[in-house]
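Each chain gets a letter, A, B, C and D, in the order it is written, and its residues are counted from 1.
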Amino acid sequence: MHPEKQKHDFEPKIIAFVCTWCTYAGADLAGTSRMQYPSNVRVLKFPCTGRIDPVFILKAFQQGADGVLVSGCHPGDCHYIAGNFHARRRFATFRKLLEFVGVDLQRLQFSWVSAAEGGKWVEMVTDLTERVRGMGPMVEFKELAMEEQWSGAINTEELKEAYEAI
Amino acid sequence: MTMIDTTSYTLISEAIKTEAKRILTDGTVTAVVGYAAARRKGSVQPIVITTPEDADKLLFSKGAVNNLAVYLTKAKKEIPKTGRIGIVVKGCDLKALVGLMGESQLKRENLYLIGIPCSGVLGSIIQPDTELTEDTIAPKCLECDVHMPTGCDFIPQGAPITPELEKKYAAEIARLEALTPAERWSYWKEQFSKCIKCYACRQVCPFCFCEQCLCDRNKPQMVESTPRPAGNFAWHVIRAMHLAGRCAGCAECERVCPMDIPLNLLNRKMAKELKELYDHEAGLEINEKGPLSMFNEKDDQSFIK
Amino acid sequence: MQKFITEQNFNTLIDRLIGAGKRVVAPKLNAGTVLYEPLSGSGEMVLDQLPRRSGKEAFFPLCEDIVSYEKEGQKVKLTDIDPALFPETLLVAVRPCDTAAIPVLDAVFSWDYKDQFFLERRNKTTIIGLACTSSDDACFCTAVGISPDDRRGSDLFMTQLEGGGYLCETHSEKGEALLTAHAELFTEPNSQKAKPLAKPEVEKVDLQKVKAWLDNNFEDPAWDSIATRCVGCGACAFVCPACHCFDIVDEGTEKSGKRRKNWDACGFWKFTHHASGHNPRDGQPKRYRNRIMHKFKYYDDKFGQTLCTGCGRCIRLCPVGIDIAEIVGDISRKN
Amino acid sequence: MSRIGVFVCHCGENISRTVDVERVARAAEKISGVAYACDYKYMCSDPGQNLLKKAVSEHNLDGIVVAACSPRMHEKTFRKAADAAGLNPYLVEMANIREHCSWVHEDKEEATAKATEIVTMLVERVKMNRKLQPITVPVTKRALIIGGGIAGIQAALDIADCGHQVVLVERDPSIGGHMAQLSETFPTLDCSQCIMTPKMVDAANHPNITLHTYSEVENVEGYIGNFQVTIRKKARSVDMDKCTGCGVCMAKCPQKKIPNAFDKNLGMRSAIYVPFPQAVPNTPVIDRENCTWFKSGKCGVCQKVCGPGAVDFTQEDQLIVESIGAIVVATGFELYSINEKPKGSAIKGYGEFGHGKIPDVIDGMTFERLASASGPTGGKIVRPSDGKEPKQIVFVQCVGSRAREKGISYCSKICCMYTAKHTMLYHHKVHDGQAYVFFMDARTPGKGYDEFWRRSIEEEQAVYIRGAVSRLYEKGDKIVVMGSDISLGIQVEIEADMVVLATAVQPRTGAELLAQKLGISYDGYNFYSEAHAKLRPVECATAGVYLAGACQGPKDIPDTVSQASAAAAKVMTLFSKDKLEREPIVAKVREAGCVACFYCKKVCPYGAVEEKEIRDRQGNLIKVVAYVNPGVCGGCGTCQATCPSKSVELDGYTDEQIIAQIEAL
């Protein structure tokens, strides 16, 4: 019934920021329905997409995420009346900024997944995982994290080795 | 090379002096924030005067680059915020004041606005005695739509002379937009790597009025404070995001950056996007809610699956 | 020792050093801004502009790691940075206003506490100074007793000659060693005249008088009029060749992280902010006063020197046009 | 250093089948700050909980991560257990390694690795958790019921009988709602008025119930336990205290030809009127739009004939403010109209049924009035057009309902049953008549319902035709009904004298406006949304507001009464304590950092943010800051994401907790 599991050279790290009422519950439903999806995703629960600060998305990339999924209630379904409407504007704006500074938006997915849409959750996670897998690691932020100002850089080989050994 | 005529600034300076003297004498205001000459030829620095005698120090010139609105925000505690304060404003500065009023930081009745019919000021890090030309003018002046401020309490006589010049930001944004994400990334990485976290961009920004910047906090540390490439990148992205829908376009951040990082490009890009998405534009009307503090149920969500 | 070197040979020297694995730091264009940065070839050198930041970074980096930690289970593993592993560096084409600040930094970093990080980097750095032939109206080295061909801080000092090439003059063993090691690139000095030196249009300031006034006028209304306009950024300190305040910060996560030494600036409100929330320097005038006091009084009290070399960077780059030359000039004219 | 306990649950084999729980526990032990880790077959069982409680004291734990099922399942269970063990319940977090891991992955290696990472994230999060105390809010023990139909009346009576004050607001001049309009009720065929009117009188006479008829809710402020509700009492033009209800005014009123909406416009009423004889209160109201006095300033007959002098033309709308602790919304429904597309409605009209222009095509409620003994025809079933008795009558089901192409996809739930009832009533009154019913399928779940429906066919001779009606048209004084019988696979044509359409049940027009005042959510049809479809079916997401009856979705009378009593029970639960305890997941302002830009206020969906002045001891203003009213705050955290300086923080979801979680990646 299940296709033979493929082994991949690169397993992307996917972070999902989800609201507790819709998408988290949708992911629960995927579980109770025993749907299968790639294990790459790590879910962070928020009360509402309205709580999700753009800083968190940035931080996730900085901490090594290769793809980020932000998901909440469909418009009109917000448990908090309008949190997702505010979130929608905030993220519409933020993604434009990230795009402008050179983040490939293929790595950042937004979706509405309701508590009833276990299947959609699976689809979202699978799509993003496979897409990001195809794109390879998000090297930009990882490289950035390793970079130093020239003056403080330790660029003798010995020190680098000693340093990296820790 | 097109020269920009700034001869009107002499008469404007005289008018500012007279008006400042009058409002300080009759007690209309307790202080006037304006521009005064500095040591280097043609250079100008901000000044706060509280007596009619000091009014003679005031002037306006092509070197009057600062957006003085920053002095009226909560982040600048040095200026007494009691009573009504007079302030010399160019059109771009006025937009910032209007924004601050919308964000409950200032009240119109506490301000006495001396508006400047402005033909433009010098760009960043340019010798102050340089002539004002299409090459030396601040790039923001090329896109200015408020050479003649409105709604002020006093505006000196004078008509701004504004030759039609090529706009630089729009072209540069278009150039960057046409690049691949990887190319844009390397462009900004190079630029941001120069950043030394002196926070001049933040300190001069009228909208960075937070008494405790989120980037100064360490519990939790939202942004790495070290001036390394990673922390620099995060700082500039967050700065641009926080200013999205608020920035009035005075371009002070870009002017003061000692490392020549084209910060206003980020702000202009965000302004462009917010105009396209929500038809928002910084203007001279006080709006209580900015584009990111309200919503419309029919907002675009084509990017959401 | 005095020698002559042609521009071409000078470039060869630079390229050879780079080829030999040395880190050669010189003025270079980085994304539109001239900065002292490591070269990958002599062609990158930009010699006609004063770099936006001073060369102090070569031994007092903008940020440097001191120690790193990693948590494993309930244990914390610390790894020190060993200064012995810092790279050998040549700091090339440094202007006198920048080199003159180096002995000033030496003094403070080897005072009662010997800063291993600074000293190790400093010892491993050879400094080649370059005389100034042009200046602008922000330059004021002569006002604070430094000349456009000041040799202070240089191991080797170069003066541009009218007919091209440089006259090289050694001022330390490091300089002599460099010259000797590459003797074939140098020739004996000829009779060519040096290019005229820069002449900043400033009056000499009586630093003693400045200090005398500062000694007695900690509380003076003048500070308000000088620095009410200050917006509290760190631009002046960060571009200054002599400012040397730093902050130690721990950055990282629960799992791992680093202790870092970052530049700090007395203009920042956080500079003297106490954990209690109290801030003894509770406004920009007080913070700017500290900048002047430190440069022209406190440092003098301790080391008998002034902490300003008149490079003029802070004047050019201050967002609100604060002019230290004007301020010091004004003070010197006070009774 | 923290002392975290990690408890990994096998969930029988639900988790352990794909996650090596022991390895997860061993890995958790190695996380810095973890003082104890174990795995157990069923953490939620009593022994499992005891294990947790024991570990709290034995290992002096200051935080707990239970790696088990979804927090939506058992977070409360484990928080309670921690509380019992003396650990603040908010120091407990759940790592969801069942729904989000073991059930969705097959590879044991992968699932174990993922489970370990999930646990790590939650350990880092719990380190940043703060002890939280439940928020207590004083409760005003006085309920507001909006809507005086059977739902509102039932809820009002239940709450009032419990000894609490109730304010009942009804938009119409009389309470009673739709139930007062009905003839008989299924499945017992008892007279609706006979069972309804006593309840109406009870409500009116109850010492604990304050009745505001001909009134509407104008404004709602405040929050659970502490609402301030402004009620607009519309000008009745009759003094309720003076009026004796003698009815002389109505008899003398010269304007008598006004269609009575209560009778679906089949009967007429005067300009000063009560909608029906059993109205409660039995005080007339002047319909100012149709009253000669108000139109031309002449007449005034009613005033002249009124013995007690109750008629008062000068009366004006009155605004009264009531302090309320809980609100029950029971605004009911209205029937979908087949007329041309109703204004502002997404629902298309029914051209094929004549767009409401054929007079003898009526809706179910009109039939109720025709069949009602107290109705305009005295219970005689006649055609509205000519008063003749219909000998052939066609009932059409699912008009509007379950018709996605018309804009409504739901089932209106009551039509199958009331149509069956209609066929019976018809058969009882027109013995020689024949009733036909076009239906898709009969939906008769309910006690005695299917039996009732069968009776209509088997005993009352209704002919049920499974199929849809494609067109109606007038032919002489007949209405030709064209349809298909899909059981027989033939086209049918019936020449009917009358057609009754079972039109869809819809929320009241303008239901969304009331929802906006109350701050409750509603679905795409404007039915009010319950907090949880199954587990919180009578509560709104907005605390302190409850739902009863058809305003939440189509319902019959038994369901409506049950829900009303359930809502009343919820209100009584709330009123059973003097102070309400709330989950402390609310936003708090860090005043030192607040610069009063009030972005939080601008985005708060609950209006929970207020402006607060901070003054020194001399009373000098130091600064203005934002203040979040913990009683109003819904806990969404939109304020925090919007605050530029992060000076407002949502407890339970602080930046520290979230960043710690991200950094654990």
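The definition used in the following text is that contacts are C-beta pairs under 8 Å (C-beta built on N, C-alpha and C of every residue); 3 or more make two chains touch, one makes a residue touch a chain.
These numbers were taken from a predicted model, which means no experiment stands behind them.
When the C-beta contacts at C-D and at A-B are tallied, the pair with the greater total is A-B. Central chain (C-alpha centroid nearest the global protein C-alpha centroid): A.
Each chain gets a centre from the mean of its Cα atoms; for chain C and chain D, those two points are 72 Å apart. With centres taken as mean Cα positions, chain D sits 36 Å from chain A. Centroids built from CA atoms put chain D at 51 Å from chain B. The set of chain A residues touching two or more other chains comprises 54, 59, 63, 76, 82, 86, 90, 148-149, 152.
Residue positions 62-63, 253 of chain C each touch two or more of the other chains. Annotation for chain D: residues 592, 603, 642, 655, 659-660, 663 touch two or more other chains.
Chain contact summary for the complex, chain A toward chain B: residues 54-55, 58-59, 62, 75-76, 82, 85-86, 88-105, 109-112, 124, 140-141, 144-145, 147-149, 152.
If you check the complex, the residues on chain B that touch chain C are 38-41, 43-48, 66, 70-71, 76-79, 125, 127, 129, 190-191, 193-194, 196-200, 202-204, 216, 218, 221, 224-228, 252, 255-256, 258-260.
If you check the complex, the residues on chain B that touch chain D are 74, 103-105, 209-214, 217, 219-222, 242, 288-289, 292-294.
Against chain B, in their complex, chain D makes its touches with residues 128, 592-593, 595-599, 602-603, 642, 644-647, 655-656, 659-660. In the complex of the two chains, the chain A residues touching chain C come out as 63, 148-152, 154-156, 158-159, 162-163, 166.
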